[in-house]
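Please read the structure below before turning to the comments.
Each chain carries a letter (A, B, C and D) given by its place in the written order, and its residues are counted from 1.
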Amino acid sequence: MLRARGFASDNNAGVHPDILKSMIDANIGHAIGYGDDIYTKQATTTIKELFGGSVEVYFVFNGTGANVLGINNLGQSYHSVICAETAHIQVDECGAPEKFTGMKLLSVSTPDGKLTPGLIKKYLHGFGFEHHSQPGVISITQPTELGTLYTVDEIKELSELAHSMGLHLHMDGARISNAVAALNIPVKTFTKDAGVDVLSFGGTKNGMMYGEAVVFMNPGLDHNFKYFRKQGMQLASKMRYIGAQFNAFFANELWLKNASHANKMAQLLYQKVKDIPGVKVIQPVQANGVFAKIPGHLIPKLQNEYFFYVWDEQKDEVRWMCSFDTTEDDVNEFAALLKKMVQNN
Amino acid sequence: MLRARGFASDNNAGVHPDILKSMIDANIGHAIGYGDDIYTKQATTTIKELFGGSVEVYFVFNGTGANVLGINNLGQSYHSVICAETAHIQVDECGAPEKFTGMKLLSVSTPDGKLTPGLIKKYLHGFGFEHHSQPGVISITQPTELGTLYTVDEIKELSELAHSMGLHLHMDGARISNAVAALNIPVKTFTKDAGVDVLSFGGTKNGMMYGEAVVFMNPGLDHNFKYFRKQGMQLASKMRYIGAQFNAFFANELWLKNASHANKMAQLLYQKVKDIPGVKVIQPVQANGVFAKIPGHLIPKLQNEYFFYVWDEQKDEVRWMCSFDTTEDDVNEFAALLKKMVQNN
Amino acid sequence: MLRARGFASDNNAGVHPDILKSMIDANIGHAIGYGDDIYTKQATTTIKELFGGSVEVYFVFNGTGANVLGINNLGQSYHSVICAETAHIQVDECGAPEKFTGMKLLSVSTPDGKLTPGLIKKYLHGFGFEHHSQPGVISITQPTELGTLYTVDEIKELSELAHSMGLHLHMDGARISNAVAALNIPVKTFTKDAGVDVLSFGGTKNGMMYGEAVVFMNPGLDHNFKYFRKQGMQLASKMRYIGAQFNAFFANELWLKNASHANKMAQLLYQKVKDIPGVKVIQPVQANGVFAKIPGHLIPKLQNEYFFYVWDEQKDEVRWMCSFDTTEDDVNEFAALLKKMVQNN
Amino acid sequence: MLRARGFASDNNAGVHPDILKSMIDANIGHAIGYGDDIYTKQATTTIKELFGGSVEVYFVFNGTGANVLGINNLGQSYHSVICAETAHIQVDECGAPEKFTGMKLLSVSTPDGKLTPGLIKKYLHGFGFEHHSQPGVISITQPTELGTLYTVDEIKELSELAHSMGLHLHMDGARISNAVAALNIPVKTFTKDAGVDVLSFGGTKNGMMYGEAVVFMNPGLDHNFKYFRKQGMQLASKMRYIGAQFNAFFANELWLKNASHANKMAQLLYQKVKDIPGVKVIQPVQANGVFAKIPGHLIPKLQNEYFFYVWDEQKDEVRWMCSFDTTEDDVNEFAALLKKMVQNN
């Protein structure tokens, strides 16, 4: 029997009570639509302050919208976007980036989901040659889709390379809270200060209901964004409820508490499963996900009780995500079940 | 001083308490993302039943998304879409239909926001001529953006014309509840039974927070829609909260109660203002909006106290929308203020 | 029996012998592809000189390519393009502008194919309002698709209006030679000097085989055009043959001789048919086309002998185009046949 | 001093005299535009016969147009196209496929430009999963961009794999003549009979001026192609001149004579350079191109006298293409110069 809670995705969790309460509190009277309300303004101000003020903030419905529209503002349709072959924009957005921006995505094989200057070098050519999509954007995910983290220096290296050759750096921060919590440094340090040009600032995977922010690190980069957001079908009419969510998200450091907890649960899960015979954790556990190789025939049995995704069917690799509401009991019971299954094997 | 409630748009209202409660009630445990949850399934079932069963239902974030994706499934990029020049898809979606579908929009001047066979006839030519965008879709809005209603027969005439020439009929039902309440007939009667092929079924303007449904009236028309929805950035991850909203929306006929009330308030407003000297109501008041011409210099004064939109600046035409939470006091005070202003003129 | 020559379109004519000879002469040895050859350079220089030097010139395959790519460089996907409802971009390009640029086309009903400030005024609103496609481009055709001509002052009025409101002015010059010949002024006078921002400079309809030029009147407007041309599938590999055509086109004023002749033949045709009972010429004959209303039942009979297009089936309106190779005999015989048919009616 | 003829590209060559003569011969009288002429009809018939009759043939301006429009008809915007990382559609079309079709291109690293079932297997997953671009098209180039050839069996393997999983097989035949000449089998054998669904049939690189054909191997696959061709800006008005070119191309087996000659010259070049010390031919010479690694400092010196492209700057790899007009003297002199440069090194 499928449990009430599993390790499928941090978006299978619900909404944190504080966030829900904030939405309820915002449900008073009329508010001008499309963002010109006090809740959205407060959320905007808070995010601006996180980045030292001079950034531009826009809210959209979801992560795909944030990524596609953020990248769209960094180039023209003849540009290319260099990303890891595991990037969400490459494998999990059904071609939304190509469809809306017209750009070519160039995907790079990586051991751990992280781009490096060495790995992307081969795509940095053909500048000025009109037959060739012009390298325009480097896109990284922090933490990566494999649960790993870039250091500040690694991001700086990429941004310096990008800027030195006329490219921009995009960061998919669908799980940005988990990165901040894990690195234990201000979000500004590894984004704006490290040379990121635009950030998809996620909330849904960390206790929100819907809504993400696109943060342009330098004024001007957001040029005409409001029109593209509308044309991209990502302008919410009753936007106050997105603003209200973010206000609770940032109040009392809820975003970091939620993320720290999810990260901690992933560490606990890692500790519990790493020594089970036949189970091999295949990526460093640096955020809230654990990637492991387990005996293939156990996968469906385990999925009968807990829902989670198979990451690579051919290699028997699975992904277990922890969320703000994962409990120690959840982890202990899951690890115990896995252990038992392996032993009875 | 701007009042807490105005007549700007039915999306300036908040969320109906029953709907909010349903969202809160759905906030328990984990739910599989992207629609495979019990709340979304229930909402789907309810909507299917409204249309007699054999329809296909998909949820998206907003009205623009519903219109664009619904229309997209009715044709190819070389098709044209015939609509009123006041249609939301023509004037209020910042070119989203052209951008995503590649289709050409052909807009028709109308006296009351309503297309007729006679009005669109001139666009129904060039079939098979490859130089010409092929007529593919007729799109109507019910009730129209001018607050008027199509009768069942008028819709049938359009669908018969469309189908006889190989076109499809799309209905933008952002305010579909107001139409059902005003016509006092089942929604199926003036949509599926009248030959509509795809309907944007709105909720946000009638007490929901976000979320609309795309209803394909005949199986097959939704071919591959799920991929286009994802590629169109309109797939919600925590979809259960959209499902939960629609469940409360349909429970106890809330959608019709809300809509009836809004319609009634518009009628009241109409009665209160129609005889004020210098005020001329310019469209039949058939749903929840009142369109009027008022002395131009009074517009900014009135807007200082109540937020509403100027519909046509050159003609001093304004739009007043009523919503589920508009009260008789709201209407009476507003009409009284307008009357006073006119008299003091 | 269908004649060897008719009045269907100026692109039914062949290639002028001088132009063909120039192509043959260019067929020597190797030439670097994609425009870096002496023929293309010479043609570029000649066109630049026509406009006083500081313009940018690019060659493409055809008129649709020239229009779409020229307009594309004048705006972003959220812009709108205002044009006559008879404009080639509106009715004869199968939605190519919408598909490639993502822009919305707004078409204006006109008596004679010509836009005026008064006619387009109603579309010049909604600036800064993100729900609304932003007015970005005014597109005119010179001579128009109805065979009429803008005066220099009329073009200036439009460009001044456009520029005063932040829009650009595009001119479709598929038959630009006919306009120069008819107005008897330098092409620069009614394009660059009159405020046109980008011109589609046609050749195919005036004796060339294929190939058109896009002329950006101010440096900077062509920003990144070379990439869009390639991405738009309009970059010719053996471009020398387009350059060679234009070189003959401009040598010995061939382009103006050809166009003058075609214009003269249209005048002759007009004189011959204008007094035939039942025939009504419905547009001023200012370039190389004659638009007339004739008895409907005669249309198929006449088309049995001469191929031409019916312009408006419902109104029995037809279009007769003259080309550089139309002879006086062609015109006289055609007019005589028409007269006879009417008399035998 | 740069020679009149080099080894840059087979599109640097001019037009074969027979083809030019055919164009001149077609320059008589009027012809209905857009393909409804006797020259185009004859060319269509000839190509149909090459494939046994039941195929559909359309002419376009250039190779990029043929590839993009051919692929476009094989899927929807949410599909992906699997190709070699050296494919023209991936590296030499400036993102035209993504821009027009909206599809995602997935590029595969190959040793020799050839896809194999093993190499593409990893991309054949995620079917039915709406987050993932659906595998829709496998695209191969014959001969490849590296001058290598697929055998009939290799193509069959790919088409069987494609069809068994619901994909289509596209072949970029920009140099299809060279493949036919080299394989010495009918073109039908390694295209239609081997399971290819749509072929870009090239002419420009083998002695034509412009114009390519898109050949749909099974009726139905070309559904609505004519509209997409127009919307894709690839419909030539004076199409008779493309038809006339193809008619000469196929008369007296000119296409095969030209291609055989180019292939032979490449073999000669290979023989002449393969034993020069420091020169390493890095791909099998199977068509009309020779790919070699040469001492890096000699590249600019050699390019001072002969224009050719550096294929990989980092690896000192160059590409030498032979064309229908390459002479034995050209090859001998070039090889001798290279040899001398190496010796004087």
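The rule is short, and it goes like this: a contact is a pair of C-beta atoms (placed from the backbone, for glycine too) under 8 Å apart; a residue touches a chain by one contact, two chains touch by 3 or more.
Just so it is clear, the structure is predicted and the values come from calculations on it, not from any experiment.
Just one of A-B, A-D or B-D has an interface built like that of A-C, with over half of its contact pairs in common by residue number: B-D.
Of all chains, the one whose Cα centroid sits at the greatest distance from that of subunit B is D. A count of contacting C-beta pairs for B-C and for C-D identifies C-D as the more extensively joined pair. Subunit B and subunit D have CA centres that are 50 Å apart.
Subunit C and subunit D have centres, each the mean of its CA atoms, that are 33 Å apart.
Averaged C-alpha coordinates give centres for subunit B and subunit C that are 41 Å from one another. Listed for subunit D are residues 77-78, 93-95, 99, 102, 130-131, 134, 227, 230-231, 235, each touching two or more other chains. Those residues of subunit C that touch subunit A in the shared complex are 34, 76-78, 102, 130-131, 134, 224, 226-231, 235.
For subunit C in complex with subunit D, the residues that touch the partner chain are 4-6, 8-9, 11-15, 17, 20, 23-24, 26-33, 61-65, 68, 93-96, 99-100, 204-205, 209-210, 227, 230-238, 241, 307, 325. Subunit C meets subunit B in the complex at residues 77-80, 91-95, 98-99, 102-107, 122, 125-126, 130-134, 313-314.
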